[in-house]
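The structure's right below; bear with me while I get my questions together.
A, B, C and D are the chain letters, set down in written order, and residue numbers restart from 1 in every chain.
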Amino acid sequence: MKIIDILAKIDRRIIYLILLVVVILPLIFPSAQSVRVMPPVEKFFNAVDNIPEEKALIIDFDYTPQDMPELEPMAIALLRHAFKKRIKVLALSLYVQPLGLAQRALTQVTEEFNSTAETSADSIIYGRDYVFLGWQVGPILAMLSMGESITNFYNIDYYGNRTDTLLLMKHIKNYNNVGIVAALSPSDIPRYWVAYAQNRFGVAVGAGVTSVSASEFYPYLQTGQFSGLMIGMKGAAEYEEMVEKELSVAGRRKASESLPSITYAHLLIIAFIIIGNIGHFVKRRQK
Amino acid sequence: MAVILLIGLIGVAPPTHVRAYDTPDDGGGSIMVEWHLSQDDAILDGYEIYRSNDGDVYEKVGFIGRNRTRYEDSNTEDGENYFYKVVALKDTLKMYSQASQPVMSSPQWFDLPKLNILIACVIFGGLILYFVYHARKGKELYIRKIAGLQAIDDAVGRATEMGKPILYTTGTGLIGDIATIASLNILGEIAKKCARYDTQLINPHLDPIVYTVAREVVKESYTQVGRPDAFDPDSVYFITDLQFAYAAAVSGIMVREKPATNFLIGWFMAESLILAETGASTGAIQIAGTDRVPQLPFFITACDYTLIGEELYAASAYISKEPLLLGAIKGEDLGKLIIGAALIAGSIIGLLTKLPILNLFK
Amino acid sequence: MNISLDPWIWISALLTVSIFSFLYRDNPFYRFAEHIFVGVANGWAVTFYWHNILVPSLFDPLFRRGQLLLIIPFIIGILYLTRFIPRVSWLVRIPIGITMGYYVGASIPADVQAYIIKQTQGTILTSQNFQAWNAGNMGVVWSIILFVGVICTLSYFYFSKEHKGVLGITSRIGIIFVMIGFGAAFGYTVMARISLLIGRLQFLLGDWLGVIH
Amino acid sequence: MKKGLPLILVFICGILGIIQYFAPHPVVQDTDNFFRNNLLKILAAFALVLGLGSLLKVHMDKIKRKRENWQYSWVLIIVFIITSIIGLFGGVTGEGPLPTRIGSFSFDNQTIYDNVIVPLGSTMFALLAFFMASAAYRAFRARSTEATLLLASAFIVMLGVLPLGDRISPHLPSFAQWIMDVPNVAGQRGILIGVAFGILATALKIILGIERSWLGGGGE
């Protein structure tokens, strides 16, 4: 009888402790959990995968340290995808704060590829394979101006080079030479890409968003305004899954590694609900 | 390749049928330009839009991607004549269209597509006001029971018995959030009960303006029940205008002062569950209420009573039993009946005919 | 292990741990962090209002560029401070009345549009709404369930009649829809919140302690 | 006067708030812009002074009367003063006259924001992970039909969003999404329409001066 009483009234601190353990252990001893890829991410992957040779992929890095756990893995997976398939990448941030994080992701993935490269053709070379446009004032202004000329608006890149001298930019004039814009942002930015870049210039837009804001973005996928959508840790993990399975690119899969924490936390909460109800029912029987 | 070369030699077809008109329902300073696509649209870079005051000298005002047939030039001087040409652009090759007819931009006083909203405001607002004034004549009105409100008396009584304070937070809304104003009305009623029973009230705030108003409301309540002396000006105070700092501080108050009852009524964001769970852990009775649908699930799970949506607005009328406020509720109810009828009627029309019924609600 | 040497990382980390300690119970560390939080937040608000509002929108244009119209907001703003002078403290109602009046007025058409017009539009049964589901023939069924749900939920908020008879049944169905929705929304939010926790733990274990890479 | 003038102002400003929604004409929109971007913002800045006055008074009192935990009030006041000075004189990102850097250690306003306010805020936010667990355990009990439905749909959705969900049944994720899209939206819509009427009534009563408790007492 005692046990039932305990089950119906577990101290909340015990719940907190078990939850903490369940979330923390998989982080310390990471093992990537494989996921089934859902259509929104599959669409995204295919949209990037089908970018023709002469077009580029724009990655808009607009996450901050706060949203990094969910959005950075998306950036890494996208970069791995692009570099593996030799899709040209234009990286940019619409705000100043994310620039450092963009730089960090670019460096990481470039090094991953270059550490195994043997020839210059195998390597990822700045200016030939990717360009970091950095930041220029005004998010909407940037979206509009790139419709006409990217190098006029971003006349110098993040490192201070004149963009029109970069090899890659010789063939990339404006959105007509862009396959898809991948906007990774915790805020409204993906919607602005649709309103200003897509509606006026017809460029495809894909979005990576946090799970907090997920419900706001679903409709854009249904109407076809987004060519793909990654939501939170799970969306990032699905993209990681596709990159590894389809392209056999190895590397840390941070989102997939977080999934066990998420799964166990959910299962734990479900377990507690069941335990609570067992306690509740048995006690009611007794009365 | 050969095709492109050939086009390079003979050029591309220009857009045709260029038409310019004043952008409707706007504040002026804007002209819409429309055209038919160039026959070579598929290979273009896009379209450049040129504008002229005299039909002679044209200057470029904008650029838009291919497969687009519309451009809004939002940089015009009202009352001046403009001519437009649209250019098909391919690399350095430009093909000019014919010029448009001259056009002027002008501002409008009323945004016509919003007419349906105006009508709805007038109908529903009128209904409510009719019943408010009708109620002045003192007709008795019935209101159904609202569980959370019936618990208020017990909740205040319990605090009095236990000799513990009552915590009332209006949430993280500003004075412009109507839920905050509704909450202030309820606060007034609860402050009266506190004054009568001599129960301590704690009322921390996030918005300085709401704080200022709340202070007046509470003070007035104490005066109304004849206990102005019992009003403690420090019971209503401001903490910070930062959401989570506020949540941290109110959580701290909950565990330190251990109020017998927590009222979480007003406009809330993610802090709703932080406050509700902390409050629950201290064993307080909790009465919550908000019109913020995303936060309602958390109040429902963590609090003893929750005023859902409109119940929050009905609450002050319910507690005060003031005929004016009750009259408004009658008006609201009639409005909901009309919406129900509109839904059914709209559906019948929508199902049986091909009328574009949804356009009424654009 | 690769512990950070950056003092700011240490400060952030200690504050983070202090807040988490609240889960065990109220304690001096939490109290300390909480009061720091409120203090810094207000210091930051002072800075923000000064540099981002008062100087660029009031003092600079008024005193440097001579936009005399701004004397009006300046004076009305100062009326707030009459609260401290009992004889004229009623003047504080003027800025309050202006602020409240404007926002309350602005909320009327915006709410009628977003909450009444738009919600009604999405609920009416028409072939256009059936197709919006992207669910083929099932779209009709979903639309009908939605329609019934909306009307029943609405009837739950019918206050001026006792919930008996037909109204009793519909309002009960309405509350069933509401409860299913609330449960679902709760369950749906868990993932977002766990993600936030993972973010904090990655900061503590990675950036601070260097236990995870 | 003491009540009449504020009530007239509420009425006038309320009408402006309504009109600006319908009238695109520059006469209206420019007035509205002045309201939003100058007047109301500036008023909010002055109101903060009242708020800070209140906060400081409460904590000074605490210290003076040595109420429980009065020591922490010192922490709050000192931290407030220091950050205000840094912010006011050091500028937002350290461009002001006050130096905000000693060697390689900078402590400008933005750095404080990033390293104090952001971690504190996001940790408070992260507490929700724990609170959701305890709330679910305590409240999701099948006491009544309503509670059972609440529990069941939370259960299904929680499983449905997991990667594990489609291993249990391939229909589970889509069923979870269906609950979110259909019954959930129906309930929400019903609530929202009701709310709109509550807002409309309250707003009209304020603008027309029928509801005037916000004025407080004293003076006609």
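Going forward, a residue touches a chain if its C-beta (ideal position, glycine included) is under 8 Å from a C-beta of that chain, and two chains touch if they have at least 3 such contacts.
Just so you know, these numbers come straight off a predicted model, no measurement behind them.
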Any chain that touches subunit C and subunit A: B, D
Chain pair showing more contacts of the two, B-D and A-B: B-D
Approximate Å spacing (C-alpha centroids) for the pair subunit B, subunit C: 11
Separation of mean Cα positions, subunit B and subunit A [Å, integer]: 30
Rounded Å distance between subunit A and subunit D, as computed from the means of their C-alpha atoms: 28
Interface hub residues of subunit A, defined as touching at least two other chains: 12, 16, 23, 66, 215, 234, 262, 265-266, 269
Residue numbers of subunit C (touch at least two other chains): 19, 22-23, 25, 31, 33-34, 37-38, 40-42, 44-45, 80, 83, 96, 99-100, 102-104, 106-109, 111-112, 116, 120, 123, 147, 150-151, 154, 157, 178-179, 181-183, 185-186, 188-191, 194, 196-197, 199
For subunit B, residues contacting two or more additional chains: 114, 117-118, 121, 124-125, 178, 181, 209, 212-213, 239-242, 244-245, 248, 256, 281, 296, 298, 300-301, 308-310, 314, 329, 332, 336, 339
Touch-based graph of the chains, sorted into line, ring, star, complete or other: complete
Parts of subunit A lying in touch with subunit C, wherever the complex brings them together: 13, 16, 23-24, 27-28, 30, 66-70, 210-212, 214-215, 222, 232-234, 252, 258, 261-262, 265-266, 269
Contacting residues of subunit C [partner subunit A, same complex]: 23-25, 132, 134, 188, 190-192, 194-199, 201-202, 205, 211-213
Subunit C to subunit D touching residues, read off their complex: 7-9, 11-13, 15-16, 19-20, 22-23, 31-54, 57-58, 69-70, 72-74, 76-78, 80-81, 83-84, 90, 93-112, 114-116, 119-120, 122-123, 133, 142, 145-154, 156-157, 174-191, 193-194, 196-197, 199-200, 203
Of all residues in subunit B, those that touch subunit C in their complex: 114, 116-118, 120-121, 124-125, 141-144, 146, 174-178, 181, 209, 212-213, 239-242, 244-245, 248-249, 251-252, 255-256, 294, 296-298, 300-301, 308-311, 314, 329-330, 332-333, 336-337, 339-340, 342-344, 346-347, 350-351, 357-358, 361-362
Residues of subunit B defined as touching subunit A within the complex: 45-46, 63-68, 281
